[in-house]
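All chains are identified by letter, namely A, B, C and D, in their written order; residue positions are counted from 1 within each chain.
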Amino acid sequence: MDGTLFFQTLVDGLILGGIFSLSAVGFSLIFGVLGIVNLAHGIFVLLGAYLGLALKQTMGIDPLAAIPIVCAALFVLGALLQLTLVAGAVRRSSLMSSLLITFGASLILRDAVILVFGPDVQFLSSAWLVDTFHIGDVIVDGARATGLIASLLLLGLLSLALYHLKVGRAMRATAQQDFAAGLCGIDARRIYAVTFGISAAFAGASGIIIGLINPFSPFDDTYWTLNAFVTVVLGGVGSPVGALLGGLLLGEISTFSSQYVGSLYSNVFIFSALLLMLIVRPNGLLGNAYKGSV
Amino acid sequence: MTLLTIDSLTKQFKGLRAIEEVSFTVEPQSITSIVGPNGAGKSTLFNMISGYLKPTAGKILFDGRDITGSAPYRVCRQGIARAFQISKPFPELSVRENVLVAASFGRLGVRDPMATTTQAIDICHLTPWANQPAGSLSIGNLRRLELARAIAARPILLLADEPCAGLNEKETRELTDVLSKIREAEVTVLLVEHDIKAVRRVSDRVIVIEAGRKIADGAAADVFADQTVIDAYLGTTAS
Amino acid sequence: MRGFHKPVPATVWALAALLLAGAVVLPFVASPFHLRLAQQILLFGGLAVAWNLLGGFTTYWSFGHAAFFGLGAFAAGLLGQQLGAEFSVAARLIIGLAFAVAISLVAAVAVALPVLRLRGIYFAIAMLAFAQILGEVSKTFDLFQGAMGFPLPLLKFPGLEKVQLFYFLFLLFCLVSVAVFVLVKRSRLGVGLTCIGQDEDTAAMLGVPTERYKLVAFVLSAMLTAAGGVLYVYGLGFMTSETVFRIDISLNLILFSMVGGIGTVAGPLIGATIMILLTQVVLGDLLDLHMMLTGAVLIAMVILAPKGLLGLFRRAWSRRRLAETVEATP
Amino acid sequence: MTKISRRTALGLFGASVVGSTALRFAPARAQDGGVIRFGGSLGMSGRYAETGLNIRHGYETAIKYLNEEMGGVEIGGKAYRFELGIVDDASDPARATTLIQRQVDEGVDFFLGSYGSNVVLPCAGITEAAGKIMVQVGASADQIFTQGYDYIFGLFPRASRAWVTSIELFKTIEPKPKSVSIIATNGAFSKLNAEAAAAGCKEIGIEVLDVLELPEQVTDASSALATIRSRTPDILITTTVDQNSLVIVRQMIATETNVPLLYQFLGPQLPAYRESLGAKATGVIMQLPWDASLDFSDPVFGDTESYISYYNETNKRPLSYHTVGASACITTYVEAMRAAGSIDPAAVRDALDAIDITTAFGPVKFTEDGDGDPILMGAKIGQVQDGKIKVIFPTDFKTGELVYPTPTWAQKG
């Protein structure tokens, strides 16, 4: 086997995987804490990219610098969506009805994006991208490397928050057992809203990073929702580490299968891995139990 | 002839031995009670008999046939029904429908679901509530629904898991009456119960389990006079 | 046993007969456009009813029924191509239907054995993945011609326009779906499935053969869906992977069921009627905003009618009856 | 309280249903008195919405010009005005056919096409059966023109003939390129074009090293590019759509994947593409179905230049070749109607069969099967030079000379 090609593929997979991880972590949180599959996740990702674009065009803010602003805006949007629509639907009918609500929300938001930005392909650029560099014969794409670094930083931040902040601990407790968490004085409703907010915020941040790497259009949302699905199932639910593992695995499966089997087959491999994982280890690599599975 | 034979049954959970080499037999048309402190392994034992858990080692023979590791519905079709400690009704179905399900499935053989249902509801004193959704019943009624459903499955052997837990004196008495009636209907009962009074009242035979092992087996009066049982069982519940 | 359902009241029989009579007369009075709408309502309504065979009774919600829809379409289409012009179009369609149903039976059993062990959302995701895999495979291997697509022969029947002919085929399909669903619902299978939906473990404890019942419902649902896929592509006359392996087909079946009322026979049909009329007639002319409005209607539906429209009607009806009894008793 | 709000909400919903239904039937009544209605569907929501919007602008511009600037058109001694009814098919064939059927039922005679063969073919089946014409600028799959349909026309040559001019160009390049590789995605459009390009290259003795296929939505082409680096062709052709082309080229730059000549079928035509790449775009060649620098006379607008200035006066959206092509569909229709002296579909169809004109889009002449004449309507080849597109082939239209081999990404700065 050609060593350089192997390492090149490995590095490409890692980089791609890091970005997948960030884009999926929010999905994973909602899935873990609320037991809801958020079909509006992909559009949150895109909203991040489009907000970054708007901030750059109107105020000249560098997209990487705009991440905090975008996160804040999406936090509000995500929390509002949960408080106004999702909570009511789950209370009035079932957990499953949240699927329709989030699907409906994604249709509305996507049309809103088209109204404001048009259906055209857009892209982001930043002055702060790392230059492409070499490790031996392996070429590392600067933009993607920057994306990976930013992703890892953000995931680390989230991890710290989840394990050290009070609200983070409350989220984890709610994910384990919301009834018991309620007995401990945790206001589950507030935690749900916060979780949705954080999820949207991280989706938005990943949107900016994705925008720096790839062009985007308003119709990519299904793609990112699906990717998040796969990542979460591969890695396990509700934790940044699970999302990271799942993302990296997804990235490697994708690059290795396309390099050594044929670039056309990567999707077949990805979804087969997903199916296999569901059957063999339905709780993901990390095996976090998950209440929605009962 | 014995109805149920448990032969050196063992269940291991990741390092923990929940049940260790337990053997006993159940005679037809008797009420046999299994008692023991919390965590002694009674539920694990029930779960293995009813097919929810596969034993690590050992055998379960029912009516002469090996049912070790059979799927729950197969066990039920052979004629073993189970009433849970925590009632699990189908909340959106009525009491009658709940029982009807058991009557139309349950043990294999000739069925008359409607008659069985009416009879089971009657035995368990549930007739006034027959058309109410099961989700709206009181705890005592739920317990009896659980029993009604189990007997509507026309079992040869009924596994009853702490049917008296959490009931008041009057409700407990009603329930033990039901159990006696069930035996009169030629159903063998294997009971897990905490309420010693109730156990004494109904049991033909008592088996005591502690920390996964059988420590006593015999007639109720003899077993409760046994010093090891008093130490192990009554001792722990007191502390 | 006949399930715990009361006998069907005469009014329902009368209503069904009336609807059926109307449905048979319709193609001779309605315009081709209205017939096309009706075709879609019958097809997707019928598919939604088929989806309800498993998803309506239990919480096993397949997010990937497009898998069987597409599998059927490809099986019949490719077989028809192999048979060639020596066989009449009708023969190719019928052989194709049989083949599609057989293949989907095999596929459904094969996929059900591992996937039906999964519960809740994991089952939903696994089905979604299954549909994605089939879609990708059909596009990836040239053998299946999914990327480029291929034409299907034009079915003709003396005395009927194409749009009328396919209307009747879709009507037949819908009737078969409804019949299967009603039979299942009123049988032991239906009782068992209802119990599985309420509490699977307890159902097993009471002697319901849960694994087998789920499998039977799933396979029946898959076979009907495959048959629907065959008719659909024959109606279009040309197919690619994009024609059949569409996530929105899978989602629509759930959506129609939820809008009308899940687990009922009329619910999915009502849901399909409303959503298709809404998206293709009422909002059909809007170029820019129709998706947004569809989304808003969906959300409104879930908030205002959480048990579907049927649930809403039932509640309103029982409320009125309650009011009448209160008035009647002084 | 909830009762009231629920009832009000349902009421509002009902009202909006009635309201919008009433709205849509209003224009249909104005059919008499010399109105020609154009109908058709476009994918306005979905992955192809960008093209959909471009095409829609083209239709609308032409209709607006015909009605407002020309005050209608006289055909066979009678004055006509024009109406346009475009619906969104969401790239869903079931939806598209239903909506097209509605327009057929409502008496629309002349159809404009959507794109994607899985939508266009079923729709064409309906218009064909109803004896209605469809002229479209979106779909070029061979299957559309080989079904034996008489009433369908396309401004582009069918996909398998779309590479005629490109192959002619390759013949003239010095030093002669020895090898090509092709990157495609597994959709009908991309695959068909990749096959055509490969076949053409083989015919003139250029070796086809690899045909690399990617999934339909490209987010990462690293493995394909690793193959390109390990086995570098003289020409790399991508037959991908705009967004995917941009992903590939940006990743080529980032991974320093250099080829002597990069040919991106679609993508570089877009201003956004060139803006995104800046100086790095230099040297990329592409197919130019249309270019602003080529001036043609137009029976409606006068010529290309006046078309462009009218378009820019009335629209904010930048002009694309799809837009011009869409306008040309309508121009072509009008010319055919004038030639036929009638708006009878059969007569117009015969006139379309025989048409041989130029429009702002370029020459228009159809083959017997209805697709664009591969020589006359075949794409020109352009190359990005100094941030602008220069036509480098065919020689008659040249506004610049081909640069070959092109500088490496690093040299472009």
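Operating definition for what follows: contacts are C-beta pairs under 8 Å (C-beta built on N, C-alpha and C of every residue); 3 or more make two chains touch, one makes a residue touch a chain.
These numbers were taken from a predicted model, which means no experiment stands behind them.
With centres defined by CA atoms alone, the chain at the far end from chain A is B. Mean C-alpha positions place chain A and chain B at a centre distance of 49 Å. Chain B and chain C have centres, each the mean of its CA atoms, that are 43 Å apart.
The distance from the centre of chain A to the centre of chain C, each centre being the mean of the chain's C-alpha atoms, comes to 32 Å.
Centre-to-centre spacing of chain C and chain D amounts to 36 Å, using the average Cα coordinate of each chain.
The residues of chain C that reach two or more other chains are 136, 140, 288, 291, 297, listed in rising order. Residues of chain D found to touch two or more other chains are 44-45, 186, 213, 215.
Screening every pair of chains for touch gives A-C, A-D, B-C, C-D.
Across the interface of their complex, chain A is touched by residues 59, 61, 114-115, 117-122, 124-126, 128-130, 132-133, 136-137, 140, 247, 251, 254-255, 258, 288-289, 291-292, 294-299, 301-303, 306-307 of chain C. Only residues 44-47, 49-50, 52-53, 186, 212-215, 217, 219-224, 226-227, 230, 242-243, 246-247, 250-251, 254-256, 270, 272, 276, 317 of chain D touch chain A when the two sit together in their complex. The residues of chain D lying in touch with chain C in their complex are 6, 9-10, 13, 16-17, 20-21, 23-24, 44-45, 56, 85-88, 90-95, 97-99, 101-102, 104-106, 116-118, 121-122, 125, 129, 141, 143, 147, 186-188, 191-192, 213, 215-216. On the side of chain C, the complex with chain D involves touching residues 31-33, 36-37, 40, 136, 139-140, 147-151, 162-163, 232, 236-240, 242-243, 246, 248, 278-288, 290-291, 297, 300, 304. Interface residues of chain A facing chain C in the complex, by the touch rule stated above, are 31, 35, 37, 85, 88-89, 92-94, 96-97, 99-101, 103-108, 110-112, 114-115, 222, 226, 229-230, 233, 264-265, 267-268, 271-272, 274-275, 278-279, 282, 292-294.
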